[in-house]
Amino acid sequence: MLFEILLALVKVVVILLGVILPLAALLTWAERKQSAVMQDRIGANRADILGLRVWGLFNILADGIKAFSKEDWVPPFANRFLFNIAPFVGLFAAMVTFAVIPFGPPLTIGGREIALQVADLNVGFLYILAFGSMGVYSVVLAGWASNNKFAQLGAMRGISQMISYEVVLGLSLVGIVLVTGSVRLPEIVAAQGQHWFGWIPKWGVFTQPLAFLLFLPAAIAETKRVPFDIPEGESEIIGYNLEYSGAKFALFLLGEFMEIVVLAALVTTLFFGGWQVPWLADTGFVLGNGATLDLAPALVAVLRLGSFLLKLLFFCWLQLLIRWTLPRFRFDHLLRLGWKEMLPLALLNVVVTAFVMLS
Amino acid sequence: MARFVNVDRQATLKTALYYPAVWTGLWITARHFFVNMGRHTLHAIGLKGGKPGSTTLQYPEVMRPLPRVLRSLHRIKVHEDGRPKCTACMLCETACPDFCISITPMEHDGSPEEKAPAEFRIDLDRCCFCGFCVEACPKDAIYMDTQIMEISSDRRENFILRLPELLDPRPLLCTGPEFRGKSVEKVLPHLSWRRLDHVTPVRVDLSYRTEQLARLHAGNPGTRPAGLE
Amino acid sequence: MSGTRTERTFQATGSWAGPELVERICERFESAVLGQSEAFGEREVTVRREIWPTLARWLKEDEGFEYLLDLTAVDYLGLRPVRFEVVAHFYSLSGNRRLRVCVPLQEERAELPTLTGLWKAADWYEREIWDLYGIRFAGHPDLRRLLLYDEFKGHPLRKDYKMKARQPLIGPGTMGGAASQSREDEADV
Amino acid sequence: MSEQSGGTPPITAHSTEMTLNMGPSHPTTHGIVRLKVRTQGEEITDCDIEIGYLHRGFEKMCENHPWNQCVVYVDRLNYVSPIINDVGYHMAVEKLLGLEVPVRGQWLRMLTSELMRICDHQTCIAASCMELGAFTAFLYLIKGRDLIWEVLEKICGARVTTSYTRIGGLAYEPYPGMKEEILELFTDLRDINREIDLLMSDNRIFIDRTRGVGALDRATCLSYGFTGPVARAAGIEFDVRVQHPYLLYNQVDFDIPVCSSGDCYDRYLVRLHEMEQSLRIVEQSLAKLPTDGPVSAPDARYTAPPKEQVYTRIEGLMNHFKHHMWDHMLAPPPGAVYHAVEGGNGELGFYLVSTGGEQPWKVRCRPPCFGITQALKEMIIGRSIADVVPIFGSINMIGGELDR
Amino acid sequence: MPKLTIDGRPVEVSSGTRLIEACKQAGVVVPHFCYHPGLSVAGNCRMCMVEIEMGGRSRVAASCVEPALDGMTIRTASAEVLDTRQGVMEFLLLNHPIDCPYCDCAGECKLQDYYMEWGAIDTGSRRETEAVHKPKRQEIGPHVMLDSERCVLCSRCVRFCQEVTGTHELGIEERGSHSTLHLAEGKSLDNPYSGNVVDLCPVGALTDRDFRFQRRVWFLRKADSICPGCSKGCNLELQFDEQRDYKNPASGRRVQRVKPRFNEQVNQWWLCDRGRYGYPAIDQGRLEQPRVTRDSQLALTDWEDALGEAARHLDDELRRHADQTAVLFSPDMSCEDLLAARSLFLDQLKVTRADYQLELDPRGVEDGLLMKADLHPNRAGCAALGLKRGAFADGHLLDEIRSGRVRSLVCFHWDLPALLGAEARELLTHLRFLLVITPREQAWDTLAHVQLPAAVTAEQSGSFINCDGLGQRFQAAFAPLGAAHRGVDLLLELGARLGRRPAQATLDALVKRLEAEVPALRGLQMPLAPARHVSKEAAPR
């Protein structure tokens, strides 16, 4: 038992410090650099250590130092307590979601099977939805506690947006659950290791294409980024985090970037086979025509971990691409899209999937 | 030969579906991304001939070539013997719409022009860089071709150019707060002041001013005929 | 610069209203027309203040001048016996012609009826004229200063407003204007 | 605001309405303007527009400067298309003087004006896109603007504060190779326009944000005195270049795009198409530009003599002095003129009054975005806060000419 | 009375009128260099050519030489005339140096004006040959600088020295293009009217050494004033520039130069050098702040304090020893100041002893031309206002003090310490109270109890009556220096401290009262406010 707890702790530390935080931090850099390259610019690259610039990677450090050394200012008219905890709520919600993501196949070390997942909950799927929706509290608290009209408006928009899109989010995933027959994420990933005709992997995106097309925007809406950055809408109402500055503002940003990572991980897990590599079985590559290429189990594990990471990075990249390309929705258009267009489609998807599964 | 042409555009199914146009947009930006990344990579591995990966420049290490006509910081030309070409004719002061030029003239024995500026001040805080002074100068003296664009300081008096700086503006270049306390030699190689290379270094002869300046600073308006009383 | 000048050969670049319009105006408003001219190819009519809104309505409704392109004022202090002149530029899109109408105004009665009922554009133009020249527009729904702040003293485009006039400081830290500088050249109104 | 807008009840702690101040420094207001907005939830119920934050006393300054020094103030009216202002002002002064600008100067004035119009529309579309969140589109357009500015810099020695024209002509001769450089530039500009078209025009998010937003009917547009792209988007066929052709606009072939509904989307479309038409005008101007001849009227009374004459000959020197000295410089005969050009935002008129002095008695600029900004109130009342963004972007308010 | 037609306009002029004057009467200004109405006709510049048609024959002739005859038809701008003028301009510019940038005359130079008006054409005639060079920068007198290269040989200066001053310093030697203006052997242009040759020179050949390089003429503003230097009351124009003094207060001078103003009755076109170069007194040696002596200590103070002190003492003196109080007016004061002072001290405060003369008044040189021995501009004004009162034996102030009949004194402008000598200083210490109102810093030390700074002539509007009984108005050119007050304002303030309401509380009221009282000041034109300097026809050149 003690070992289990210790192992879980180690996993938490490794995942948090080894994957999410660095990735989120890296994303702050990637967002600037990628947008710059998209826009024919050079992007941030001035921070240097001993004249070494490394394409501006040290800007992450500089940003961190700057954000955390700025004055931590609470407006006098704000509700101090709620104002202070709001960013942490957001950060927490984004972090804990990662607990159920399987980022690699179970490893067998010393005869003991170690799942590359912090917690293999039998309700992992619900857990994600549950904690994903906790993010809304951060927005509400920040907006309300700031006691500022613009922040308030942002919070209001945030609530309706996030609550609306949770419905679509959940419904679009029902199809996956129906197809894979499980709400445990490792099982969902495992189910995507199969192939049709030996060639086409049974990834979620192929079994549930409509669900994917609905899930992606709905999930981006949950992260409150362009084109769904209405709670922020920096050119209209500046947003729910208007009164924040310094470290706490940085926490909001960090939370946002973590959500990007989580979202990428979710898309990977649910729709792109998680750690699965097409045609890679435990023993090595098995192609549709029967050809095989045997690989050492360690190599297979590394390939699968790498595959997960690669997919994760790709979806991070895609999110950034979307963020810097599209204009912002209007509030009512967003709700119309959610309730009137995506929700019926999601329901249809569930019905059709169920029908197909039944028949 | 001009016609009014209606360019109304109707909504189509393609637009109604969101995704087609969104993917088109993503494709455009992604293409920029990959093309630029490719160019950056080629550049990084040493193929410097191709197009650069970005339209922006790594300022101030890299400077865009500025055209010669660009109106930048003022300077005053000198004759071969080191005298300023300016004869304090005041036309630039007259033509200046911002009243930023102020010249104190004086007699100059050593030149055929008889007259020279004892003091020539340009208040850059007021200057709008219109170039009227250059146009007005009848002696080919004042120019705005130093290509010095970066003029910064945290003190107003640093924005007043006087005759020595106008004749050789290079010492000016260290007025910014980040350069304070550093020597010219230390600052110059870092910045774009290399630009000044095309402003030929001149031998400036300001010796004629000493007496006049001393009088100015002493507050003595000079000898004049006795008054009525 | 004095001396001989060549004859001004000016080609009209746009079409301005022809003399027949002026004839119609004279016919209709008779004695209220103070003068008319065609200089530089531009048609100008000077009228008495009394007929201002009537003339404008007539121009808009009967003569097809849909546009009130510009409304401004000129201060002829020391040049003309009547100090102010409100100048309007009308434009008829359908007939493609322009017309300038000037209304001289005495300083003591610097007031005109508003045109806001005819052109919405008149609203801001009139506010601007009030702001900068101090000419009032009777019947204007909201005659406030437009470009300057409410505490501004004087009307700066009047010729007797000195170029270097200073305004009292306002806003927080000036103790309700008590600390405002008093200078010789401060605006005196 | 509540005091002024009469009937509306004041806002109290228990009102469902609230007052929002958008501006004077608010991300939507790219230009300093303050919208005091009264909202019911997200819906705007009333609005008061406060302008004047950029009031620099343009008229007063011009009244206190000689005729030929006003150009530095005129430049800064519409700072995204300064040369059009320069041309407008100087054509008005030349009208007063009865001065004819040589053909070469006219072509150059025209082609630089059109380059400026492209800059103006680029800036406007770019800013609207950016405020809608499409940041990349913004930078693509700004990149295009910068390409033009780089040429402009070589033409007149400055990027924004051009001071390009003079009474009787231009301040600078075109530089060698200008024609080729501009034509080369056009491939890039057209690419950018195409990319923007693909990025924005069919994007439903963009269409939803702009279609049907900010539209006013034709009668209201006329009543507010709309001119330029905003009027043409509403189907009003008015363009000073057509109705009152100035310079040599009647010698080039171009279309003037017109839409019918007058909403933000149509304004965007009109501007997008106008850029292409301006490119066409520039191409034709370049083709027709005479290779030699003066760019300024060679009239000793109005234009300064060439510098080599000033340096070497007493005649030139005296002429030069007479051009610059107070009490001797150019003074148009008494009279008043109004001259309009098609600015980036519509009819840009200059009403000048001369009393025969060396300084203008009055320099009035008819700012094209004045009426349009005034109509902003009518456009946004009844709409949501989010709609302020595209509407404000599409009217292209330019603080410099609005507040003067 | 010949009747003639000038440019289509019929004109009738008195017989013997030169054509150039006839044209002027017809409103046509004929360009000219050598002609000057105050000098004899030389007819050597050939610029004033006009076309004369008479008896069917037409010819081009110099209008300064030809007398107007009945039936003449004059065309001043016909093709032939313009051609001639252009030729003259080309000829004059042939050897002219390229000097405008450092020639003080630029801006009021007839060559510049006429070139733009009549000769704006560059014929390029000097392309091959080198221009003739002549001596430049010659100091030919204490006030005048000569540049022979710029000279157009109009000979106005030569004629002035012959005809007006009769001193014959200048002449023209050599011939043809080598003709040069030069000083007569062993002479220097140092007559007391030498500054006038600078005004006469139509180009930049003769320039003012005092004004040399001080300020370009197109920056100057002008105000009509009267010379306060002597009782002649010459009309002059103060040319000043206030715009720049803030930048360099040490060397800033407000008045840049003084030019004569034409007045047929007084000075015609001329001005003596003493009046012309006396303007530094406007800015130098001025009392700029009120001074008060307390406990034998001289202290600078503000107006509030100084006026209070003066009023307290004066009130005290008048209440207790009214008969021992005297007022010494000054003939330097304007009539308005005098009236205000009279109304305060004589009419309201009932001071019984007053005078405006002093026994030791220095007298200047008197010549037949302009200079007068009486160095005060307004003695006649003082007389006209009847300022002598009480037993004040004709200016013998010292006797009065010595005898104890005067124990307190209000002294205007007079520099008593300088005029009266050491003995007087001793006497002045006997005074119980001494109030001094003066624009000048004077060596009163602690003798004066209160010194109040007043404005000088250039700083206020007012009027003088000259030695011939002619009343003349002048205008304020600029604000008083430092804390100085204009005389009228100062007296009104002082009166208010003493609880007196003046009968005439404004300058306008004073002017009206003066017009009613003094016949010489009736119906005078009020000069206009200072104007931007227009050099062209301001002083006939």
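By letter and in written order, the chains are A, B, C, D and E; residue numbering begins at 1 in each of them.
The rule we apply is simple: a residue touches a chain if its C-beta (ideal position, glycine included) is under 8 Å from a C-beta of that chain, and two chains touch if they have at least 3 such contacts.
Not measured: the values here are computed from a predicted model.
Asker: Enter the minimum step count from chain A to chain D; a value of 1 means the two chains touch.
Answerer: The fewest steps needed to get from chain A to chain D is 1.
Asker: More C-beta contacts across A-B or across C-D?
Answerer: Greater number of contacting C-beta pairs: C-D.
Asker: Where the centre means the average of the CA atoms, what chain is farthest from chain D?
Answerer: Of all chains, E has its centre farthest from that of chain D.
Asker: Tell me, please, which chain's centre (mean of its C-alpha atoms) is farthest from the centre of chain A?
Answerer: For chain A, the chain whose C-alpha mean is farthest off is E.
Asker: Averaged over CA atoms, how far is the centre of chain B from the centre of chain E? Could you give it in whole Å?
Answerer: 47
Asker: With chain centres defined as C-alpha means, what is the inter-centre distance between chain A and chain E in Å?
Answerer: Here chain A and chain E have centroids separated by 90 Å.
Asker: Can you check how far apart chain D and chain E are, centre to centre, with Cα atoms defining each centre and the answer in Å?
Answerer: Taking the mean C-alpha position of each chain, the two centres sit 53 Å apart.
Asker: Could you please state the distance in Å, as a whole number, between where the Cα atoms of chain A are centred and where those of chain C are centred?
Answerer: 63
Asker: Give me the residue numbers in chain A that touch at least two other chains, ranges are fine.
Answerer: In chain A, the residues touching two or more other chains are 38-41, 324-326.
Asker: Residues of chain B that contact two or more other chains, please.
Answerer: In chain B, the residues touching two or more other chains are 22, 25, 28-29, 32, 55, 91, 94, 138-139.
Asker: Do you know which chain E residues sit against two or more other chains?
Answerer: In chain E, the residues touching two or more other chains are 100-101, 106, 116, 216, 218-219.
Asker: Per the contact definition, I'd like the list of chain B residues that touch chain D in the complex.
Answerer: These residues of chain B touch chain D: 1-9, 11-12, 14-18, 20-22, 24-25, 28-29, 32, 55, 64, 66-67, 69-71, 91, 94-95, 97-98, 128-132, 135-136, 138-140, 144.
Asker: If we count contacts the way the header does, which residues on chain D are in touch with chain A in the complex?
Answerer: Listed in rising order, the residues of chain D that touch chain A are 18, 20, 27-28, 42, 129-136, 139-140, 143, 199-200, 203, 205-206, 208-209, 384-389.
Asker: Which of the residues in chain A come into contact with chain B in the complex?
Answerer: Touching chain B: residues 34, 36-42, 45, 213, 321-322, 324-326 of chain A.
Asker: Going by the contact rule set out above, which residues of chain D touch chain E in the complex?
Answerer: Within the complex, chain D contacts chain E at residues 300-301, 309, 312-322, 325-328.
Asker: Under the definition above, what is the set of chain B residues touching chain E in their complex?
Answerer: Listed in rising order, the residues are 87-91, 94, 102, 104-107, 113-115, 138-139, 215-222, 224-225, 227-229.
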